[in-house]
Amino acid sequence: MTLSARNQLPGVVKSVVLGTVMAEVVVDVAGHQVVSVITRHAVEALDIKAGDSVKAVIKSTEVMLEK
Amino acid sequence: MTLSARNQLPGVVKSVVLGTVMAEVVVDVAGHQVVSVITRHAVEALDIKAGDSVKAVIKSTEVMLEK
Amino acid sequence: MTLSARNQLPGVVKSVVLGTVMAEVVVDVAGHQVVSVITRHAVEALDIKAGDSVKAVIKSTEVMLEK
Amino acid sequence: MTLSARNQLPGVVKSVVLGTVMAEVVVDVAGHQVVSVITRHAVEALDIKAGDSVKAVIKSTEVMLEK
Amino acid sequence: MTLSARNQLPGVVKSVVLGTVMAEVVVDVAGHQVVSVITRHAVEALDIKAGDSVKAVIKSTEVMLEK
Amino acid sequence: MTLSARNQLPGVVKSVVLGTVMAEVVVDVAGHQVVSVITRHAVEALDIKAGDSVKAVIKSTEVMLEK
(Lines give C-alpha, C1' and ligand atoms only; values in the text may rest on other atoms or scores of the structure.)
Protein backbone atom coordinates (compact mmCIF):
# COMPACT_ATOMS: atom_id res chain seq x y z
CA MET A 1 0.00 0.00 0.00
CA THR A 2 1.10 3.58 -0.63
CA LEU A 3 0.62 6.48 1.80
CA SER A 4 -0.64 9.86 0.56
CA ALA A 5 1.96 11.79 2.61
CA ARG A 6 4.31 13.25 0.03
CA ASN A 7 7.33 13.85 2.22
CA GLN A 8 9.22 10.65 2.89
CA LEU A 9 12.86 11.38 3.67
CA PRO A 10 15.31 8.50 4.16
CA GLY A 11 17.75 8.75 7.04
CA VAL A 12 19.56 7.07 9.91
CA VAL A 13 18.53 7.22 13.59
CA LYS A 14 21.09 9.05 15.72
CA SER A 15 19.44 8.97 19.16
CA VAL A 16 16.26 8.02 21.01
CA VAL A 17 14.98 9.52 24.28
CA LEU A 18 12.05 7.80 25.95
CA GLY A 19 9.55 9.61 28.18
CA THR A 20 6.54 8.01 29.87
CA VAL A 21 4.18 8.74 26.96
CA MET A 22 6.27 10.38 24.23
CA ALA A 23 9.67 9.73 22.68
CA GLU A 24 12.07 11.91 20.74
CA VAL A 25 14.00 10.44 17.84
CA VAL A 26 16.76 12.33 16.06
CA VAL A 27 17.37 11.25 12.45
CA ASP A 28 20.15 12.28 10.09
CA VAL A 29 18.72 13.05 6.65
CA ALA A 30 21.40 13.85 4.08
CA GLY A 31 23.45 15.65 6.74
CA HIS A 32 20.48 17.56 8.17
CA GLN A 33 19.11 16.76 11.63
CA VAL A 34 15.40 15.87 11.64
CA VAL A 35 13.64 15.54 15.02
CA SER A 36 10.55 13.32 15.31
CA VAL A 37 8.32 13.19 18.37
CA ILE A 38 6.11 10.10 18.39
CA THR A 39 4.65 7.92 21.16
CA ARG A 40 6.93 5.74 23.24
CA HIS A 41 4.60 2.91 22.31
CA ALA A 42 5.35 3.44 18.58
CA VAL A 43 9.11 3.50 19.21
CA GLU A 44 8.85 0.23 21.08
CA ALA A 45 6.48 -1.38 18.55
CA LEU A 46 8.87 -0.58 15.68
CA ASP A 47 11.95 -1.22 17.85
CA ILE A 48 13.52 2.07 16.75
CA LYS A 49 17.13 2.48 17.91
CA ALA A 50 20.31 4.31 16.97
CA GLY A 51 21.72 3.11 13.65
CA ASP A 52 18.36 2.10 12.13
CA SER A 53 17.52 3.12 8.57
CA VAL A 54 14.14 4.88 8.64
CA LYS A 55 12.04 7.33 6.68
CA ALA A 56 10.82 10.61 8.16
CA VAL A 57 7.25 10.99 6.91
CA ILE A 58 5.50 14.39 6.93
CA LYS A 59 2.10 15.46 5.56
CA SER A 60 2.54 18.41 3.17
CA THR A 61 0.11 20.61 5.10
CA GLU A 62 2.54 20.49 8.07
CA VAL A 63 5.45 22.05 6.20
CA MET A 64 5.93 25.81 6.55
CA LEU A 65 8.40 27.91 4.59
CA GLU A 66 10.77 30.63 5.74
CA LYS A 67 12.29 33.07 3.25
CA MET B 1 14.07 35.93 17.41
CA THR B 2 14.36 32.12 17.32
CA LEU B 3 11.51 29.70 16.58
CA SER B 4 11.00 26.59 18.72
CA ALA B 5 10.41 24.37 15.66
CA ARG B 6 13.44 22.12 15.50
CA ASN B 7 13.28 21.10 11.85
CA GLN B 8 14.54 23.85 9.59
CA LEU B 9 15.81 22.39 6.33
CA PRO B 10 17.48 24.69 3.76
CA GLY B 11 16.50 24.21 0.13
CA VAL B 12 15.64 25.75 -3.22
CA VAL B 13 12.11 26.27 -4.58
CA LYS B 14 11.44 24.16 -7.67
CA SER B 15 7.80 25.01 -8.44
CA VAL B 16 4.76 26.87 -7.13
CA VAL B 17 1.10 26.09 -7.90
CA LEU B 18 -1.49 28.61 -6.76
CA GLY B 19 -5.09 27.70 -5.93
CA THR B 20 -7.76 30.13 -4.74
CA VAL B 21 -6.96 29.63 -1.02
CA MET B 22 -3.99 27.24 -0.86
CA ALA B 23 -0.69 26.92 -2.70
CA GLU B 24 1.70 24.04 -3.20
CA VAL B 25 5.43 24.69 -3.16
CA VAL B 26 7.97 22.02 -4.07
CA VAL B 27 11.42 22.50 -2.52
CA ASP B 28 14.63 20.60 -3.20
CA VAL B 29 16.37 19.78 0.10
CA ALA B 30 19.74 18.08 -0.40
CA GLY B 31 18.39 16.20 -3.41
CA HIS B 32 15.13 15.19 -1.70
CA GLN B 33 11.79 16.69 -2.75
CA VAL B 34 9.89 18.39 0.08
CA VAL B 35 6.30 19.51 -0.57
CA SER B 36 4.83 22.39 1.42
CA VAL B 37 1.17 23.39 1.35
CA ILE B 38 0.61 26.89 2.73
CA THR B 39 -1.90 29.62 1.97
CA ARG B 40 -1.77 31.46 -1.33
CA HIS B 41 -1.70 34.62 0.75
CA ALA B 42 1.55 33.52 2.44
CA VAL B 43 3.17 32.67 -0.91
CA GLU B 44 2.28 36.12 -2.21
CA ALA B 45 3.32 37.93 1.01
CA LEU B 46 6.76 36.25 0.93
CA ASP B 47 6.92 36.44 -2.90
CA ILE B 48 7.94 32.76 -3.10
CA LYS B 49 8.95 31.68 -6.60
CA ALA B 50 11.10 29.06 -8.34
CA GLY B 51 14.79 29.53 -7.63
CA ASP B 52 14.33 31.09 -4.18
CA SER B 53 16.44 29.89 -1.26
CA VAL B 54 14.08 28.96 1.58
CA LYS B 55 13.89 26.84 4.70
CA ALA B 56 11.27 24.13 5.16
CA VAL B 57 10.17 24.43 8.80
CA ILE B 58 8.40 21.55 10.56
CA LYS B 59 7.32 21.12 14.20
CA SER B 60 8.79 17.89 15.62
CA THR B 61 5.38 16.55 16.65
CA GLU B 62 4.41 16.45 12.95
CA VAL B 63 7.19 14.06 11.93
CA MET B 64 6.32 10.35 11.77
CA LEU B 65 8.78 7.54 11.23
CA GLU B 66 8.59 4.51 8.98
CA LYS B 67 10.87 1.51 9.53
CA MET C 1 7.99 -1.01 6.23
CA THR C 2 5.74 -0.01 9.12
CA LEU C 3 4.59 3.55 9.86
CA SER C 4 4.66 4.90 13.42
CA ALA C 5 1.18 6.47 13.09
CA ARG C 6 -1.01 4.41 15.37
CA ASN C 7 -4.40 5.20 13.87
CA GLN C 8 -4.99 3.28 10.67
CA LEU C 9 -8.72 2.85 10.05
CA PRO C 10 -9.90 0.72 7.10
CA GLY C 11 -12.76 2.09 5.01
CA VAL C 12 -14.28 2.65 1.60
CA VAL C 13 -14.09 5.88 -0.42
CA LYS C 14 -17.51 7.49 -0.87
CA SER C 15 -16.65 10.65 -2.80
CA VAL C 16 -13.76 12.77 -4.07
CA VAL C 17 -13.81 16.52 -4.77
CA LEU C 18 -10.80 17.99 -6.56
CA GLY C 19 -9.66 21.61 -6.15
CA THR C 20 -6.65 23.17 -7.85
CA VAL C 21 -4.25 22.29 -5.01
CA MET C 22 -6.26 20.31 -2.44
CA ALA C 23 -8.78 17.49 -2.60
CA GLU C 24 -11.43 16.27 -0.19
CA VAL C 25 -12.06 12.55 0.17
CA VAL C 26 -14.95 11.16 2.20
CA VAL C 27 -14.40 7.64 3.54
CA ASP C 28 -16.86 5.34 5.29
CA VAL C 29 -15.19 3.72 8.32
CA ALA C 30 -17.46 1.19 10.04
CA GLY C 31 -20.50 3.34 9.33
CA HIS C 32 -18.83 6.60 10.41
CA GLN C 33 -17.92 9.30 7.89
CA VAL C 34 -14.23 10.26 7.90
CA VAL C 35 -13.16 13.29 5.87
CA SER C 36 -9.57 13.52 4.58
CA VAL C 37 -8.08 16.62 2.97
CA ILE C 38 -4.90 15.83 1.05
CA THR C 39 -3.27 17.31 -2.05
CA ARG C 40 -4.88 16.83 -5.43
CA HIS C 41 -1.50 15.51 -6.54
CA ALA C 42 -1.68 12.70 -3.94
CA VAL C 43 -5.22 11.76 -4.99
CA GLU C 44 -4.07 11.51 -8.60
CA ALA C 45 -0.83 9.66 -7.76
CA LEU C 46 -2.76 7.02 -5.78
CA ASP C 47 -5.71 7.12 -8.23
CA ILE C 48 -8.19 7.44 -5.35
CA LYS C 49 -11.81 7.14 -6.46
CA ALA C 50 -15.22 6.19 -5.07
CA GLY C 51 -15.41 2.50 -4.16
CA ASP C 52 -11.71 2.10 -3.34
CA SER C 53 -10.66 0.31 -0.16
CA VAL C 54 -8.30 2.60 1.77
CA LYS C 55 -6.98 3.25 5.25
CA ALA C 56 -7.42 6.59 7.00
CA VAL C 57 -4.10 7.23 8.77
CA ILE C 58 -3.83 9.73 11.64
CA LYS C 59 -0.93 10.60 13.95
CA SER C 60 -2.01 10.20 17.61
CA THR C 61 -1.02 13.75 18.50
CA GLU C 62 -3.71 15.01 16.07
CA VAL C 63 -6.60 13.30 17.88
CA MET C 64 -8.55 15.41 20.39
CA LEU C 65 -11.22 14.11 22.75
CA GLU C 66 -14.62 15.51 23.62
CA LYS C 67 -16.47 14.36 26.74
CA MET D 1 -21.83 25.85 19.58
CA THR D 2 -20.62 23.64 16.74
CA LEU D 3 -16.98 22.88 15.92
CA SER D 4 -15.73 23.01 12.32
CA ALA D 5 -13.76 19.75 12.70
CA ARG D 6 -15.60 17.26 10.54
CA ASN D 7 -14.37 14.03 12.11
CA GLN D 8 -16.14 13.32 15.37
CA LEU D 9 -16.13 9.59 16.09
CA PRO D 10 -18.02 8.25 19.14
CA GLY D 11 -16.28 5.63 21.26
CA VAL D 12 -15.46 4.28 24.70
CA VAL D 13 -12.21 4.89 26.60
CA LYS D 14 -10.20 1.70 27.10
CA SER D 15 -7.10 2.99 28.90
CA VAL D 16 -5.32 6.13 30.05
CA VAL D 17 -1.57 6.54 30.64
CA LEU D 18 -0.40 9.76 32.32
CA GLY D 19 3.04 11.30 31.75
CA THR D 20 4.29 14.51 33.34
CA VAL D 21 3.06 16.71 30.46
CA MET D 22 1.26 14.41 28.00
CA ALA D 23 -1.24 11.59 28.32
CA GLU D 24 -2.20 8.75 26.01
CA VAL D 25 -5.83 7.69 25.78
CA VAL D 26 -6.93 4.60 23.86
CA VAL D 27 -10.52 4.69 22.60
CA ASP D 28 -12.56 1.93 21.00
CA VAL D 29 -14.45 3.30 17.96
CA ALA D 30 -16.74 0.71 16.37
CA GLY D 31 -14.22 -2.05 17.11
CA HIS D 32 -11.22 -0.04 15.89
CA GLN D 33 -8.58 1.26 18.30
CA VAL D 34 -8.05 5.03 18.16
CA VAL D 35 -5.11 6.52 20.09
CA SER D 36 -5.26 10.13 21.27
CA VAL D 37 -2.33 12.02 22.75
CA ILE D 38 -3.43 15.14 24.62
CA THR D 39 -2.08 17.02 27.62
CA ARG D 40 -2.27 15.47 31.06
CA HIS D 41 -3.96 18.69 32.11
CA ALA D 42 -6.79 18.12 29.60
CA VAL D 43 -7.28 14.52 30.77
CA GLU D 44 -7.57 15.74 34.35
CA ALA D 45 -9.82 18.72 33.49
CA LEU D 46 -12.26 16.44 31.63
CA ASP D 47 -11.75 13.60 34.16
CA ILE D 48 -11.22 11.09 31.34
CA LYS D 49 -11.06 7.49 32.55
CA ALA D 50 -11.65 3.95 31.27
CA GLY D 51 -15.31 3.32 30.48
CA ASP D 52 -16.14 6.92 29.56
CA SER D 53 -18.14 7.67 26.43
CA VAL D 54 -16.18 10.21 24.37
CA LYS D 55 -15.79 11.50 20.83
CA ALA D 56 -12.45 11.39 18.99
CA VAL D 57 -12.27 14.72 17.12
CA ILE D 58 -9.88 15.18 14.18
CA LYS D 59 -9.43 18.11 11.77
CA SER D 60 -9.79 16.88 8.16
CA THR D 61 -6.39 18.26 7.14
CA GLU D 62 -4.78 15.79 9.60
CA VAL D 63 -6.18 12.67 7.91
CA MET D 64 -3.93 10.91 5.39
CA LEU D 65 -4.97 8.03 3.15
CA GLU D 66 -3.20 4.80 2.32
CA LYS D 67 -4.19 2.75 -0.72
CA MET E 1 -19.69 18.18 26.01
CA THR E 2 -16.24 19.72 26.48
CA LEU E 3 -13.37 19.53 23.98
CA SER E 4 -9.84 18.69 25.16
CA ALA E 5 -8.28 21.43 22.99
CA ARG E 6 -7.04 24.01 25.46
CA ASN E 7 -6.85 27.03 23.18
CA GLN E 8 -10.28 28.51 22.55
CA LEU E 9 -10.00 32.19 21.67
CA PRO E 10 -13.18 34.26 21.20
CA GLY E 11 -13.27 36.65 18.25
CA VAL E 12 -15.23 38.17 15.39
CA VAL E 13 -15.06 37.06 11.74
CA LYS E 14 -13.58 39.75 9.49
CA SER E 15 -13.56 38.00 6.09
CA VAL E 16 -14.18 34.68 4.35
CA VAL E 17 -12.63 33.50 1.08
CA LEU E 18 -14.02 30.31 -0.47
CA GLY E 19 -12.01 27.98 -2.70
CA THR E 20 -13.28 24.77 -4.25
CA VAL E 21 -12.20 22.58 -1.31
CA MET E 22 -10.74 24.93 1.32
CA ALA E 23 -11.76 28.28 2.80
CA GLU E 24 -9.81 30.97 4.61
CA VAL E 25 -11.43 32.80 7.50
CA VAL E 26 -9.83 35.82 9.16
CA VAL E 27 -10.88 36.40 12.77
CA ASP E 28 -10.13 39.35 15.03
CA VAL E 29 -9.10 38.11 18.50
CA ALA E 30 -8.54 40.94 20.97
CA GLY E 31 -7.06 43.11 18.22
CA HIS E 32 -4.87 40.35 16.79
CA GLN E 33 -5.59 38.77 13.41
CA VAL E 34 -6.05 34.99 13.51
CA VAL E 35 -6.26 33.11 10.20
CA SER E 36 -8.10 29.79 10.03
CA VAL E 37 -8.06 27.46 7.04
CA ILE E 38 -10.88 24.91 7.16
CA THR E 39 -12.92 23.13 4.51
CA ARG E 40 -15.41 25.08 2.43
CA HIS E 41 -17.93 22.47 3.50
CA ALA E 42 -17.40 23.38 7.18
CA VAL E 43 -17.78 27.10 6.46
CA GLU E 44 -21.06 26.41 4.69
CA ALA E 45 -22.32 23.95 7.33
CA LEU E 46 -21.72 26.49 10.12
CA ASP E 47 -22.78 29.42 7.88
CA ILE E 48 -19.67 31.39 8.84
CA LYS E 49 -19.71 34.98 7.57
CA ALA E 50 -18.23 38.39 8.39
CA GLY E 51 -19.52 39.74 11.70
CA ASP E 52 -20.09 36.34 13.34
CA SER E 53 -18.90 35.71 16.88
CA VAL E 54 -16.74 32.57 16.85
CA LYS E 55 -14.00 30.82 18.80
CA ALA E 56 -10.65 29.95 17.25
CA VAL E 57 -9.80 26.47 18.59
CA ILE E 58 -6.22 25.14 18.51
CA LYS E 59 -4.73 21.93 19.94
CA SER E 60 -1.79 22.77 22.24
CA THR E 61 0.63 20.55 20.31
CA GLU E 62 0.14 22.85 17.28
CA VAL E 63 1.40 25.99 19.03
CA MET E 64 5.08 26.89 18.55
CA LEU E 65 6.93 29.65 20.38
CA GLU E 66 9.32 32.28 19.11
CA LYS E 67 11.65 34.14 21.47
CA MET F 1 13.86 35.79 7.21
CA THR F 2 10.07 35.65 7.40
CA LEU F 3 8.03 32.58 8.29
CA SER F 4 4.94 31.67 6.25
CA ALA F 5 2.88 30.89 9.38
CA ARG F 6 0.30 33.66 9.52
CA ASN F 7 -0.61 33.49 13.21
CA GLN F 8 2.04 35.13 15.36
CA LEU F 9 0.53 36.32 18.64
CA PRO F 10 2.69 38.31 21.09
CA GLY F 11 2.42 37.40 24.77
CA VAL F 12 4.13 36.81 28.08
CA VAL F 13 5.09 33.40 29.52
CA LYS F 14 3.16 32.58 32.68
CA SER F 15 4.44 29.08 33.51
CA VAL F 16 6.61 26.25 32.23
CA VAL F 17 6.29 22.55 33.12
CA LEU F 18 9.07 20.23 31.96
CA GLY F 19 8.55 16.52 31.24
CA THR F 20 11.23 14.13 30.05
CA VAL F 21 10.55 14.75 26.34
CA MET F 22 7.84 17.42 26.17
CA ALA F 23 7.18 20.71 27.94
CA GLU F 24 4.05 22.78 28.46
CA VAL F 25 4.27 26.54 28.31
CA VAL F 26 1.33 28.80 29.23
CA VAL F 27 1.38 32.22 27.58
CA ASP F 28 -0.86 35.21 28.23
CA VAL F 29 -1.96 36.76 24.92
CA ALA F 30 -4.02 39.92 25.37
CA GLY F 31 -5.66 38.44 28.47
CA HIS F 32 -6.32 35.05 26.87
CA GLN F 33 -4.43 31.94 27.97
CA VAL F 34 -2.58 30.16 25.15
CA VAL F 35 -1.04 26.74 25.85
CA SER F 36 1.93 25.55 23.82
CA VAL F 37 3.36 22.04 23.95
CA ILE F 38 6.85 21.85 22.48
CA THR F 39 9.89 19.69 23.21
CA ARG F 40 11.78 20.12 26.46
CA HIS F 41 14.86 20.50 24.29
CA ALA F 42 13.34 23.56 22.55
CA VAL F 43 12.40 25.16 25.88
CA GLU F 44 15.95 24.72 27.09
CA ALA F 45 17.55 25.87 23.82
CA LEU F 46 15.49 29.09 23.85
CA ASP F 47 15.75 29.38 27.67
CA ILE F 48 12.00 29.97 27.96
CA LYS F 49 10.89 30.96 31.45
CA ALA F 50 8.09 32.82 33.22
CA GLY F 51 8.11 36.54 32.40
CA ASP F 52 9.62 36.16 28.92
CA SER F 53 8.11 38.04 25.99
CA VAL F 54 7.38 35.50 23.23
CA LYS F 55 5.22 34.98 20.17
CA ALA F 56 2.81 32.06 19.86
CA VAL F 57 3.13 30.88 16.24
CA ILE F 58 0.45 28.72 14.62
CA LYS F 59 0.05 27.50 11.01
CA SER F 60 -3.37 28.54 9.65
CA THR F 61 -4.33 24.97 8.73
CA GLU F 62 -4.21 24.11 12.47
CA VAL F 63 -6.89 26.63 13.49
CA MET F 64 -10.46 25.33 13.77
CA LEU F 65 -13.54 27.46 14.34
CA GLU F 66 -16.47 26.99 16.68
CA LYS F 67 -19.72 28.88 16.14
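The chains carry the letters A, B, C, D, E and F, assigned in the order they are written, with residues numbered from 1 in each.
In this text, contacts are C-beta pairs under 8 Å (C-beta built on N, C-alpha and C of every residue); 3 or more make two chains touch, one makes a residue touch a chain.
This structure is a prediction, so every number in the text was calculated from the model and none was measured.
Asker: Determine the set of chains touching subunit B that also touch subunit C.
Answerer: A, E
Asker: Counting residue numbers used by both copies over all numbers at the interface, does the subunit A-subunit F contact come out same (over half shared) or different (under half)?
Answerer: different
Asker: State the pair with the higher C-beta contact count; candidates are D-E and E-F.
Answerer: Per the contact counts, E-F leads.
Asker: As a quick test, compute the distance in whole Å between the mean CA positions of subunit A and subunit D.
Answerer: Each chain reduced to its C-alpha mean, subunit A and subunit D end up 22 Å apart.
Asker: Return the distance between the CA-based centres of subunit C and subunit F, expressed in whole Å.
Answerer: 29
Asker: When the C-alpha atoms of subunit A and subunit C are each averaged to a single point, how far apart are the two points in Å?
Answerer: Going by mean C-alpha positions, subunit A sits 21 Å from subunit C.
Asker: Got the subunit A residues that touch at least 2 other chains?
Answerer: Those would be 1-6, 19-20, 22, 24, 35-39, 41-42, 46, 48, 55, 57, 59-62, 64-67.
Asker: Name the touching chain pairs, please: which are they?
Answerer: A-B, A-C, A-D, A-F, B-C, B-E, B-F, C-D, C-E, D-E, D-F, E-F
Asker: Please give the residue numbers of subunit A that touch subunit D in the complex, ascending.
Answerer: 1-5, 19-22, 39, 41, 59, 61
Asker: Can you check the complex and tell me which residues of subunit A touch subunit B?
Answerer: Touch list, subunit A to subunit B: 5-10, 24-25, 27, 29-38, 42, 46-48, 52-67.
Asker: Can you list the residues on subunit B that touch subunit F in the complex?
Answerer: 1-6, 36-39, 41-43, 45-46, 48, 55, 57, 59-61
Asker: Could you pull out which subunit A residues touch subunit F in their complex?
Answerer: Against subunit F, subunit A makes touches at 17-20, 22-24, 35, 37, 61-62, 64-67.
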